[in-house]
Structures are given as C-alpha cells and as structure tokens.
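Naming follows writing order (A, B, C and D), and every chain is counted from residue 1.
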C-alpha cells in the first residue's frame, strides 16, 4: 500500500496523541507537525525525531508530499484551517466538534464532497472496542427496541475558555449515540438545563434530554466540577440492557438480561399491575480486545482515503452532532424548552 | 418515661418494618397492627406475638390505649386515614408522600396544628447516619457555598399501579434536600422530563431539574427500568464536595477537597483563563456508626410526642416535598418548562 | 406437617438470629429461648413474644414439647450441651465448630448416630444461594478439574477470648470447601502460618495451605486486624474459574471463561512456550435469588428431622472441619510444616 | 547538565518502555537500542527515529558516546551482559531480578562497587507516587509499629519459560517491602508453598510467608492463573493501616484510622477480653500526583550517575530480593519449612 503523507496541525493537548498514532499506522507517513508556536511542535517531537516541525500552514499545504492533514486546533479555527486544507486538495481528519457552528460545518462538508475528499471526524470513542460492540448489539437487535439511553460524563475537568461544558464534553456522547442507534431512530428535539455555579461565564454543569423517533428518551449529564470521574452509558432495550463503564477496564460492557415487560392487555377485568412482569436473568460481560481507539481512527482515515470511501465517522456525522449542540444551546438560552433538531441539514 | 400506645396501619410492603422497629423502641408500646385484610396482619405478626391484629380502623382509633398511629397505606388513602386519626386525637406518623396532592397535605397539616398533635413524615433517609452527617457538613459550612446537587436513584423497581416514578422515588431525594440545605436556600422552580418506554401508562424514567435560591441547580434522576442499582448523591460546594453512595456500606460518605475556583477578577489585562484554578486535595471518608434509620424515626416520633415538640421531619417538610412533586408533574405535562414551586404553602 | 418443638440454647451473638428464623419456619414451633442469664434471653425475645425464656437446660430438655434444640453457646460447651440434648432424645443443630476438638466431636457424632437422631451443623454459608450454585458448578463439572481454591476472609473482627482466628473464621471457608468439592477430592495435609502482632495471646492473622487429592492447592487467609472487609473465594478450574464475592450483592458470582491451557507435548523440537495457550472469554454473572441462608438452614433442619434423613451439613461435615483445624493448629505450633489430615475419622 | 549517553539492551517486552522514557529524560541522551534480533530493535524504534539500532553488544560497549546501559534481557543473561558493561566502565540499570541467583548478583555488586560505577535495579514500583508515600508513612512513624504486611499480585499472566511465578512476580512485592520498611526491620526467614496445577513444569501459584525482626509477618500471594487482576498491599500498623490498591487510580492509597488495641494488663482480676479495644476512625485517601514511575527511574539513574551517589534501589537492594527468592525456592523444594534469609550477603 502506498503510504499517504500526513501533517498534524496543532501541538496542544491532543496533537501529541495524533503524532504518536500516525507514526504507528502502516498506511500513513508522518511529514510534519505544524503549530503557530513551532517550539511547542519541536518539544512534542522531541530530540530523536525525523519528522519536520513547521510554523506555517501554508508551507505544509503547499508540500506535495502531504496528502492529508489531521487538525487538532481549537474549534473556532476549524473552518479556516480545514477549508484551506480541502482547497489545497488534502484529505482532512478533524477533532470534534467539526466546527464552531452548524453553518460552518456545512461549508466544510460541502467543500469536501464537491472535491471528492475525505472529511473525517475524530470521534475517538466510536472506535473503541466497547462502542464497536455496542453498535453490533444495538443494530443487531440483541437489545430489542431501544427504550432509553443515559450517559454520564463527569469529572474535575478543565474549564474551557471558549466553549461551555456541553460543547466540550457532550460531542463524545452524541457521536456515540449516532454511531450505535439503528437507522431510522433519530433525535427529534432537545432540551437542556445548565448552571454556572462558579461564575465562569459559561455552563459548567449541564443536562441534556433528547426525544428520539419512536418515543425513547436519551439523557446526557456533563459536568466539569465533579471531584469523582464517571463515564457511564446505559442503553436500555426491551430485551436486554447494556451498561458501558469506560473506567472499568476489566469489565467495560455488562449485558443484563433484566427488565420490565408489559404484556398485551388481558381485558377489562384484569388490573394494570397484573400485566407487568419482571425478568431478572444473568449478566454477561463480553471479552473485548484492548486496542487504543486512536490507532483505529488513524487506520480508518488511511483506509477510507486509500479505498476512496466514506469513513465510519464522516463529515455528516459531525453535522449531526453540531445540529444537536445548536439545538441544546438554544434550549439552554430559552429556559429549557424542547427545541427541534435540524436533522435535515445532515441528511 | 410513659410509653405511648401505637397502632400500625397497613400490613403491606413497609408495615412489617414499622412493626419490628416499634417493638424495639423503648418509648412506644405496640398495641395493634391494623389492615383491611386481617389475615395479612396476622401473618406479619406471626405465631408468637402478643400484638393484636385488627381489620377495623374505627376499633383502633376508639381504643384509649392507642395514643398514636403509624400509617403505611397507599398515598391515596392518607388523607382519609390520617384525618380520622387526628380527629380522634392521635399523633400521626405517615409514610411519604404526605398525601396524594398538596391540597390534601395542607388539610392534614392544619388538622394536626390546630389540635396540637404531632404529624410526622417517615422520611427514612433523613434519619440515616449518612444524611445526618451530610446535614452537619452542609449547614455547618464545611462545604462552602452549595454549587450543585445531583441525585441518582435507579434500579429495577416495582412499577407502581397508581403513581409514576417521580412520585414513587423522588420524595426520598427531595426530603433529603430539604433536610440538609441551609435555611434560606429554597427551591424556586422545577422542570421535569420523563418517558414511559414500556407503555406502563405513566413515566418510568424521569429527570428533575430544580433551580435554588442563589443560582445552584439540583438534579434528580429516577428510573424503574435500570438493571443496575445506583443510589448516589453528590453535593458540590465551593470548599468541598461530598459524595454519598448509599450502597457502599464501608464508605458511604466521601468528602473531597477538590474543586474549581474562580478568583476575583484581576483587571482588564488578565485573561479569563488566568483566574480559574484547581484544587486536588485529599479525600476523607468519615467513620459513621451503622444504625437502622427506621429505629431513629421511631425514636424521634416517640420523643417529639413525649416532649411536645416538632419532629425533624414534620408535616411541613412533607408539604415542601408535595409542592415540588406537583410542580414537577405540571412541568412533565407541559413539555418540560420550568414551573414555580409554591413554597409559600409550606411556610 | 407436624411442627417440631424447638428450643434455642444461647442468647448471645447468634442466638437472636436463630430465634427470628425459627419463628419464620413452618416446620418448627419455637418453645424456649434458654440462657444461663435469663434476663438476656428475655431481652432478646422482647416485650411482645409468647416464647418462654428459661435459665435451665434441664427444664428445657425435660419438656416433651421440645423435640429439637439449636445450640449457639461457646464451642467449649458444645460437648456438654449437645450430649445432654442427644441423651434426652432431642435432635441437635449446633453452631460451628462442632466441638472444641476432634475427639469431642466424634463423641457427639457417635451419640447421634447410635440414637438415630439428627445432628446438624449450622454451616450457614453452605446454604447461601451463591454456595449452592458453586456446588452445582463444581460438582457438575462446569469448571473442569479444580486447579486451586483461594479464600480470603478478613475484617476488623472481634478478637475472641477462647479461640484463635483460625478456629473462629476458617470453619466458614473449610465447610464451604467440603460442600462444593467433588467426591474423592479430599484434603491430604495442611500447613499453617500465623502471627499475633498485638499480643492478644493467640493468632490474629493466619494463612492456611491445604494439599488436596489430585494436586490442587487450597489457601485460606483469615485476619481479625484488617481495616477493610473482604470475603472472596476463587475456585480455579481447567475449563472455567469462578469468583465468589460475598460482599457484592449485585454480582456475587462471576464465572470466567478464562485460563491457561497446556496442550499435549508436540515433540522434542517444540519449545515449552509453544504449548501454553491462553483463553480470554466472556464472563457470566448468574442471577441468584436472594434468600436469607439461615432460613434455609432451619428448613433443612426441620426437613431432615421430618424425613428421617441426613442433613446436607451433618455431624460428619463438622468432623471434617475439626480434622482440618486440628491439623492446622499442630502445624502452627510446629513452625508451619505440613501435617496430615485425619480424614479417616470423618469417613 | 552534561547528558549521559545511554544504550538500551533488549527490545522485548520492557525495552520499548525504557526507550520511550529515556528519550524523555533531560539528563540522558539515547544512543542505541541493542538486540540480537536487530529487526526487532528497528521495529521498536519505528520509522521516524534518529536512534541507532545495533545487534552487537560489543559495538555498543566500545562506543565512548555510551556512558551507561539499561538492560532488559532475560534474567539468565544479566550476569554476562551487566558484567561486560561494568568491565567496559559503563553504569548499569538492570531489570529485576538482578541476576539468576544470589552468587551471580554478588559478583555484579562487587564489580560495580570496585569500579565506583552505579549499579541500579529497575524496581519500578518503588518509584510510583504511591510507594513513595507509603515509604514516608511507614518510615515516618505515622502507622506506628508495623504489625503485618499482605500483598496480592494475581492475574492471568504469561507463564514464563525459565522462571516460576515467585521469581517472575514476587520481586515487585519484595522490593517494595525493602523500600518502605524502617531500618532494622529485616526479613529473618521465609516459607513458601506453591502449586503447578496446569503441569507447566514450575509453580504457577505461590504463597510466601516472611517473618520479620520484631515478630511481624509478611505474606505474598502471586498467581499466574487468576482470571481477575488484583494488585493490593496492606500494611497494618499499631496506629494506622494503609491499603494500596494499584488498580484504583482515583484512590490508590487509603489510610485507615482503625485497629485493635491491647492495653497494658490491668491486674489479675481483669479478664483478657476487657483489655482489647477497637478503634473505628476515619479513612483518608491522600491526593497523589500521577507520574509514570519509569520516568522517575530514569531520572534517578541519571541523577545518581551525575552526582556520584547511590541510587535509591542500588545493587544491594537487588541482593536483598535475591536472598529472599533463594530462601523461598529452598522452602518450596523442601515442603514449606521456614528457611533463614542470608541477609548478611546484602549488608
């Protein structure tokens, strides 16, 4: 396989992880680490690297050895950086969220699609062995009809200077919802409540409620202020319910054959109570192969370029997340009422 | 101390616990267990008991040996049963919620207060060693200003025939909030989202968001459908944050000296980021004496009668819970908007 | 079914549990609670009981209404009390250990067997749903050949005045080993190491190593001084390994399809490494019905009397535990060498 | 600071970690990765490295740019490789155990000391923030007199071709004991029991009991066959007891103010029971800074060379571990009797 020349843009928090994993990906050849602060790029590369550091995006994009870029700069810069890359004919892998808002995101999707370039979101969690298995379980019907989803992502996190806790953390949960829900189950409307108890100027604690096609409800709790760290998602189905605890490496997924059933109504004489029944069956924790998710992200990026196909988390998956975030922000600003999700933009 | 003659009304789910604990309380003398189904009452008492079973509330209330009743019948019957008891001059301990609605609850409070009788709520959790310590921590100022509260109470629970999951489970959380929050921190408005994914005819999953005086937000997640059982409450303060995990008997309370601080603004030249700082200090899990909470409930009931004083969880604490539940139900019915809490009724 | 009249002897730590469970057992009719300190017996019975308190064992044994006794007195008194009961023609349920030593235990077994009376050990753990399932798993062959057992029973426990930590705690583990191991897998020899770091005059921390028929090794760690409480048993088999965590009510048993296999030797050219393989399969946590074990103990006692059959934990199971404890004590006294277990006495 | 030229010897399981951490250590300049299989070395270095791969130890040792070597080859080769390095005037960091036996270990210590070269053991755990704090707690007297130590290190591990589970895993526990125990508390004798239930040709499960100066007992349980992973050490003291759970990143250390006290004898009339008392106080989990231990190992190696001082885990700490392992192997071979530890060799 021809190796694709890659430049990583941004040497901040996430950039070093992209650099490390790109170097370990057979289909990629890392050419540059680019950062406005070139000394930061040099420090990330260290003293023993043959990879070039650059302070100039223009230089990088002008280099024919570079066929693709991976962007790990602040969300506010995604439009400018990614658009320049696409216009220079480079395939793009971009950190979540795709852009600072839905309109900007749509411009990027259009720019990529019109040029036949890969635009891929680094929705890292979607590439974990746990979420891949969740996707199989949900879409394969093993859980039955999805009844509710509940995701908690809280810890003592960095209060971001430019985005609130919803835009910072919820993209993880929302992208996973998108990856695992069956076709036809779509978010219809969103309500959000938030608070800023430390006076940071933006919500530090938030709760998101999403109504889905078919009546199920999804809930997301994100919190920058929690002294304890929790990363749990429950997906309740009519047949089984699965709990994903990302902080329990020895048992990330637990599939419960437990639930409440409501049998068909038995007639006027029967009381309501009589037709509710409970299942308390076994729990199975499937064996999962541990593999760094970002390694799989890089492999998918290289593979989708090489094969000229859409990646699992393409630009449209990024638009769906942006549509949810925008609706959530509108709800937050208007007292928590339900706001419709503009899913058509992501169609 | 003169022992107060007690009758327990209702031999269903909770009645046996009242019977057992009443028998172990020095200030009480258990006279009757009363249930419309007297064979059920006999079965609860067993073959070795000197306590009388009765099918007649009238008989029990007419007996001068009975000075007080403990009511464990369905909420819909509380008004009738408790009012009859108060009118017969008996002190009353009643299961949560106080009554089926706020108006009925107010009638009971007025009936008790006008007669100088004790009306006490069996808000059992408020009498656990953990909540008593929480109350000291919060009201004693050890946590600083309260920034947020977050309570999760989920498990595979009995789908109730007459009430939804909010009315069934949230009274526990709301009564604890009432017991621990400092004077002057009151619930202002409530929003609720719920869903009924199994077609039970009432919400089986619900999320409650409460805005408190001073800007803090409280959240409650109750769920009858969860295969796993969680009973956790987080109380975030400006100085410390405490996590109460009621299912971890060896470490129910964990007090974290961790948090995010925002120092006073340093001037126009300083960036916002510069004034956020993080504390990552030790965690202390205080030793708590294990004691069955219902034993303390009974002792408080007996003590408040003997001393002619208000119990810790008096009728007004029950009204505050009803006011929150009614506002939540209204929000649930109207799409999740914030609904003001009628706190004045509980004043 | 005719109900068997029962007297509970001993109103100390465990007696109240026997009283409560006897009262709830349909096949039993509780007649007496007997204790040298009759006020203690009265206090246990409480103010509402029709059960008689007695200070006289003679009185109790002379009463024809009493067909059986349950003995919860110190181990040093078991010979005298149980022998008197057997000689009076009463069936006997006795707390572990059966007696203060093997010789005394044998006298009791002979006394019961010669009279055709039931002599049953209250090896409570053997009657938990978890151990019953363990027994099925092990004896049903689902785990394959048993490779090792490892039991940890540590917490801040009461330092006993008359016995060391081995005699106090290890009977639980040893009786469970006896209940679950397949016929033909017997303890051959025992080594014990212990220490008394607080100067209590007897071992407070001890480790027991047992060699079993077939080469497997069992290990027991008991400790009165641990600040944390652990009650875990691992049973490793050639096909599956099961972990029993008695303090995790939501997942007491975890059955792992994981292990190390050694395939048949492939010839001189193959390296040793090549023939070791690893299985990392799923884990299953079976649903278990929660039921108080002592309720099942009482039912088994009543059932074995009524049906004239041996109980699951008969006197001989008590002798097997005594044989192990005596060998362990001898090893402890002689520096930790392996001491043969006198299994023949229990044959 | 002048940077010391380093060669890493061995590109197997642990070598890549040494390479990565050496590159991040300011006082070191990584020159070579050396492995008999040079393609393996090249693969570890990857496509972007300026570090040289070499198949020749002689070449590496002849290079004046190399002032020190880090050896990650099998234990059986340590004598040859390390001795060659020392004879070539290089400082040596070596994986545990120091050598295949005590005699070989002593030759290495003598070779290093006679030449004034640093010989350091990579006892990685001794450099974790948790063990550093343990060392302060124990040696600083905060726990009081040490009463017992108990270490469990079990998981589904690689069955080694050349060493048994004791030699493979116990060096971790034994080196930590050495690092934290106060001066003057030394291992006196060791007993070991082991079993090989899968027919691997060496012990796969083992229990080690160590008697220490002053009467305390230490116990180590190592196991290659466990489906679950446990890495816990309990250090019981007369004042406090600390539990180190290395797999709980959010609470690695828990310091319990709990224990059993035995007060001074009160006279003939007092019963033994009367003078035992129990403390059940709070638990404190100290905040620990997360830092990769191997980074600290490298910094200590560089620092001890630069400053011409003994490292924290010098060759003699390696000898102490070897003396314990040899005594344990002798006990294992002779049925589990206590075998004296040749501590004088490590003096």
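The rule is short, and it goes like this: contacts are C-beta pairs under 8 Å (C-beta built on N, C-alpha and C of every residue); 3 or more make two chains touch, one makes a residue touch a chain.
Because the structure is predicted, anything quoted here is derived from the model rather than measured.
S.K.: Starting at chain B, what is the smallest number of hops through touching chains needed to reach chain D?
M.R.: Shortest path length, in steps: 1.
S.K.: Using C-alpha centroids, which chain lies at the maximum separation from chain D?
M.R.: That would be chain B.
S.K.: When contacts are scored as defined above, which chain pair ends up with more C-beta pairs, C-D or A-C?
M.R.: Of the two interfaces, C-D and A-C, more C-beta pairs touch across C-D.
S.K.: Just the number, please: Cα centre separation of chain C and chain D in whole Å.
M.R.: Inter-chain centre distance comes to 39 Å.
S.K.: Approximately how many whole Å separate the CA-defined centres of chain A and chain C?
M.R.: Measuring from centre to centre gives 52 Å for this pair.
S.K.: Residue numbers in chain B touching 2 or more other chains?
M.R.: Residues 228, 258, 280, 283 of chain B each touch two or more of the other chains.
S.K.: In their complex, what parts of chain B are in touch with chain C?
M.R.: By the definition above, chain B touches chain C via 23-24, 29-30, 46-51, 228-229, 250.
S.K.: Considering only the defined contacts, which chain B positions touch chain A in the complex?
M.R.: Spelled out, the residues of chain B in touch with chain A are 145, 147-148, 150, 156, 159, 161, 191, 193-201, 204-205, 207, 209, 215-217, 219, 221, 223-228, 234, 236, 238, 241, 243, 254, 256, 258-262, 271-273, 276, 278, 280, 283, 335-338.
S.K.: In the complex of these two chains, what residues of chain B are touching chain D?
M.R.: Listed in rising order, the residues of chain B that touch chain D are 251, 257-258, 280-287.
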